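Following this line, the structures themselves.
Look at the two complexes coming up: chain A is in both, with chain B in one and chain C in the other.
After this line comes the complex of A and B, so read on.
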């Protein structure tokens, strides 16, 4: 049973990977301007924070839950850390640490609400979504926060994600993101924590009866999600000039959408981090590519929605065939 | 069981440490944040403070959002005037400028509180109409600032204090056209000017966008060129002359993202800036201008040399835009005076409460670049 399942997920990843290639070819064919190295840089830059969020949110999704607080959380953590760096003179590294601890704290709060107090994940994280949205604005005193810009003191963290070698900019961030994807993929597939996370999602009752400390691993799924939302907040701060209070709602949908396109089951119990990574790239490609072929903003959203429906439909049809 | 307890404790400890951290840091940072914008003290009509009014006047101010430092400067101006006049003022605003319904709610709540006057910077020109009628019925005077409400019920808005946004957009076009004139003259193929507007619903943004388009078109036509406006329907249809793309020498391409965020503005900007025929860009507010700069991070096409680089004109200030102008990445920008606008709003409300007759006040937009950004009449308007 288990072997069969993982085989099926592997196939979904391959299909989605082919979709990514097809989209790339399509945009290259349709727009000469798209066929530039800088386009790859741009897609990479704008994908890091979504990929990082989706690595994290894959864990709650696999337990059969969801984490809606990662989008506004991302902005909140970045505002809190950035405010200390810009307005209170803290070193950049310390500000980043504050962002990460903040993310872990909100993740723990989500985990306790859901794992211990049995709140429905949708509801609990919707509440923390609102809380982080407000809290972020308060921490930054309603200021937009501009983390140190390139070339100014304390801006070293921007080169974590992009370095210039001999005048060429290299998307270094992709290396880190890829490493994290592989590490977390290993954690999910080959460690006790990962297996128990999957066990909670496939059959929570059975997991409890077999003696798994379900509450602990349930909490941990949300802690991981919060931690990666915090890493995403650093990626976001490094790529964009200003972090604005009140934004962030909607980012989580791109991460969750990416994970589901990449084969994470919407009902829990199945999925992979590699799949989530590839799924996110479908979304990022659409986001970056559609303006190149001259599509107006509102149509871009419609097309993205339609492509997501298509991707999920493929999965459903495939599952039905497998049952027969 | 032990692990569960540990996890719970850990969670509680983290939240607690965080709250402590947040609180103390906020206190430390407060004086620095307040000290910066307070530098500007001059504003018209400040001396009339001695008028005989009750000391317990209460005004409510609704801003568009706290998203950019622009609004923070406006609120600073509001508070300065309140202190000088000895009135009490409460400010509020939605999380984002696109949260139109939230703002209408805040406005209605304020009307129900029966203050002596309301200052409003409307996110949407039509959504506030009912509330304005309500305010008039309740006898509460309203002063609009930053953005006007053209269709407001007659008599509900007593004064509108706003930058002449159409004129400010035209100012950007004036300066950009002058710098690009030779490039356009020597071009052998049609050239393209990009414009990024964060939305197409508020009066301030749309007027700036259209002011830029119309002025640029006018100047180009005077020199014998033909111009076409393409892209977002609202701006294409709103332009005085949208021209014909096939035969135009100059194409103005307008992009509007689906949401008012930097990363979506950046995506739209990079799609335009990737085209090889682009010679100029205009971002009509802080978010749009920063979107253009974000896009440039990878493309590296902006500069101050016409012909070889794309010249970008921004709007408003903020540390990122100011730094980009100093670094020669952004050609220049238009700034308003949010601080004076906030101050004038409270002063106007005060005048109304004292029975004075008031009229609309138009404030100017000023062009700034490396040559004048440190001068005495520009620098105070360049908030961080």
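After this line comes the complex of A and C, so read on.
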């Protein structure tokens, strides 16, 4: 029976993976410009922060909740850390640490609001979404922040993600992202943290009655989400020249959308990090690929929205079938 | 029966406004199955929650294995060997059987959870209980009965000495109950002390050694099961006499017209070629085991699930029912077995729930006519004898039986003449059950026609004028009440279909 079940999940990931390949082929066929090495670099650049957010947000999603604060949070953490580096002369590493601690703090706040004070996740994180948006602007005094650009002192962190070897740019970031995906996949599948996250999403009452410290693990799901939003903020800072206050809203939807396309159940209890990774690539491919065939930003959003509706419907149909 | 392992003395507990437990005494011995009975709200659950430390007692003492103890939470009680198998199964559907059994105390290899070892240990447990369940199966794929076995295995794996079963049979089929009893007897052999909470009188007689009865938070008495009759227990529970006699003859006039006719109804695997007739003023019992397709049939007739084929006639006319709206239009009302999910809006008042299905008739301009709504609601509260402080009371504050009456009022308000009752007394205590029965009889006498789906044999025999039996999605029999017996109904309900 278990073989059957794991096959099912396996299938979902494989199907989404095939969709990624199909999209790649489609764009390659349709647009000669797409068939360039730089396109891969662009896709990768766009994917890092979304994948990182997606890894993190998979945990709240599996508990049956959601974290809407990761998008504006990402910008906020980047602005806070970047401001200290650029305007206060802090070393880059310290600035990054500030970003990460900030993310963990907001994640903890979300976790306490939801896990301890029982606020609905949607509301709680919508509020912290607004808070981080405001905080980010305050931290940066309403100006955009440019982390040290390539070639200047303190810009070493940019080569974590893209390294130039013999004149060729390599998307090194993918290696790190993939590693984190595998680590978190292990955490979700084979550690207490992951198992209790699933238990909370599947049947919270049962988890409580089994003597699990549900509050702690519920908080931790959001802490992980906040932590990965902060990692995403570093990826974002490294990839893009300037971070603008007031932006970031909507990033979370790409991450959450990716996770759901990748098989995370919209009602909690099921999902995998590898699935989320592949799902994000569907979103990223649409985002980078559609302009090549002449569909501009507005259309990308519409297409992405439709893909998400499709993914959620697959989830619903799947659950109805399982019931029968 | 061995020595007393657990004794609760003079337990007292007051909640704001309610004296929930009034100096209650209770004891259980090793190797004994001890029934704890009482109507809903009698204090059984509260007593067990005090025992396992979910509630703190105001006074009294708990003596466990000769020591005065007080648990602080289910986990502490569990570790000491006092375990509850809950009525609502506490299983994590997305995890495997073994992962569920050992949840909260996983075996580990470093930071990795050792699933292999957990599977082996679970297998050992099942072997000990003589149960055949694959530890690696996903929990949500198992039947309710199997899930319960897992819950029991989980309890035993805690080195339990006292196991409390809270209405364990509520969702089980007859054969699953048999398996459950076999396990309980085994556990008794192994000198475990078992507390068995149930509403089902038949089971109490079969499985328990002693019965302790509670009423309104008070201890009423303890009897030895073999030395008392069902009526003795019921009298102690309700303080009044209740008749559980089967109906001897149909109350339907021989020339009563057919109000609902269903022909060759097909809807998925659970409804295959079902045909039957319902007559005016009749209570038509639908009997069968869990999963026989009775609820599915009702839902298909009501338009809640899609039909593949089949014809439905209301008052002789062929009708098309594709949605619940269509059904209501033709005067068919459906009272779901799961009231809280499908029947009522618990956070709304009695009045609002009563008029919910018929709201267009209570609109004046763009406003709801509150006065008319309250009047009509009051009328039904009076005629159905609903116990509520007033029509503005929120339904969530009513007892199960009274909630059921609000649902009935809702459909009567909509002028439904055909009512489908799906497990009308599930989760309702004995006294209130009786009232629902009386009410159904009254409705039938007034000319309403009732389809009653019930898994309780006594209920079927007591209420029906005629019985339709289903098994595995097919109608396997139809029998007049005069000829119906437990045996022949059960025979049809378990018949093999070629």
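Points worth noting:
Heads up, the rule we're going with is that the second predicted complex is superposed on the first by the 303 of 324 C-alpha atoms of A that agree within 3 Å, B and C clash if a C-alpha of one lies under 4 Å from a C-alpha of the other, contacts with A are read in each partner's own complex, and residues count from 1 in each chain.
Here is the rule we go by: a contact is a pair of C-beta atoms (placed from the backbone, for glycine too) under 8 Å apart; a residue touches a chain by one contact, two chains touch by 3 or more.
Being a predicted model, the structure only gives us computed values, none of them experimental.
Of the two partner chains placed by superposition, A:25 touches none, neither chain B nor chain C. By the touch criterion defined above, A:46 reaches chain B but does not reach chain C. More residues of chain A lie in contact with B than with the other chain of the pair chain B and chain C. In the superposed model, A:175 makes contact with neither chain B nor chain C.
After overlaying the two complexes on the shared chain, residue contacts for A:247 are found with chain B alone; chain C is out of touch. In the superposition on chain A, A:151 makes contact with chain B only, not with chain C. In the overlay built on the shared chain, the residue A:210 is in contact with chain C alone; chain B does not reach it.
When the two complexes are overlaid on their common chain A, residue A:309 makes contact with neither chain B nor chain C. Under the contact criterion defined above, no residue of chain A touches both chain B in one complex and chain C in the other. Interface residues of chain B facing chain A in the complex, by the touch rule stated above, are 1, 3-4, 7-8, 10-11, 14-15, 17-18, 21-22, 25-26, 28-30, 32-33, 65-69, 71-72, 94-96, 99, 231-233, 255-259, 261-264, 266-268, 270-271, 274-276, 286-287, 290, 293-295, 297-300, 318-320, 323, 327.
Contacts from chain C toward chain A in the complex involve residues 73-75, 78, 86, 88-96, 99, 103-106, 108, 111-113, 115, 134, 136-138, 140-141, 268-269.
Residues of chain A touching chain C in their complex: 1-2, 5, 186, 190-192, 195, 198-199, 201-203, 205-207, 209-212, 269-270, 322, 324.
Remark: chain A residues 33-34, 36, 38-39, 41-42, 45-46, 80, 83-84, 87-88, 90, 98, 101-102, 104-105, 108-109, 111-112, 116, 133, 137, 139, 141-144, 146, 149-152, 162, 169, 213, 215-216, 219-220, 223, 239-242, 244-247, 250, 287-288, 291-292, 296-298, 300-301 touch chain B in the complex.
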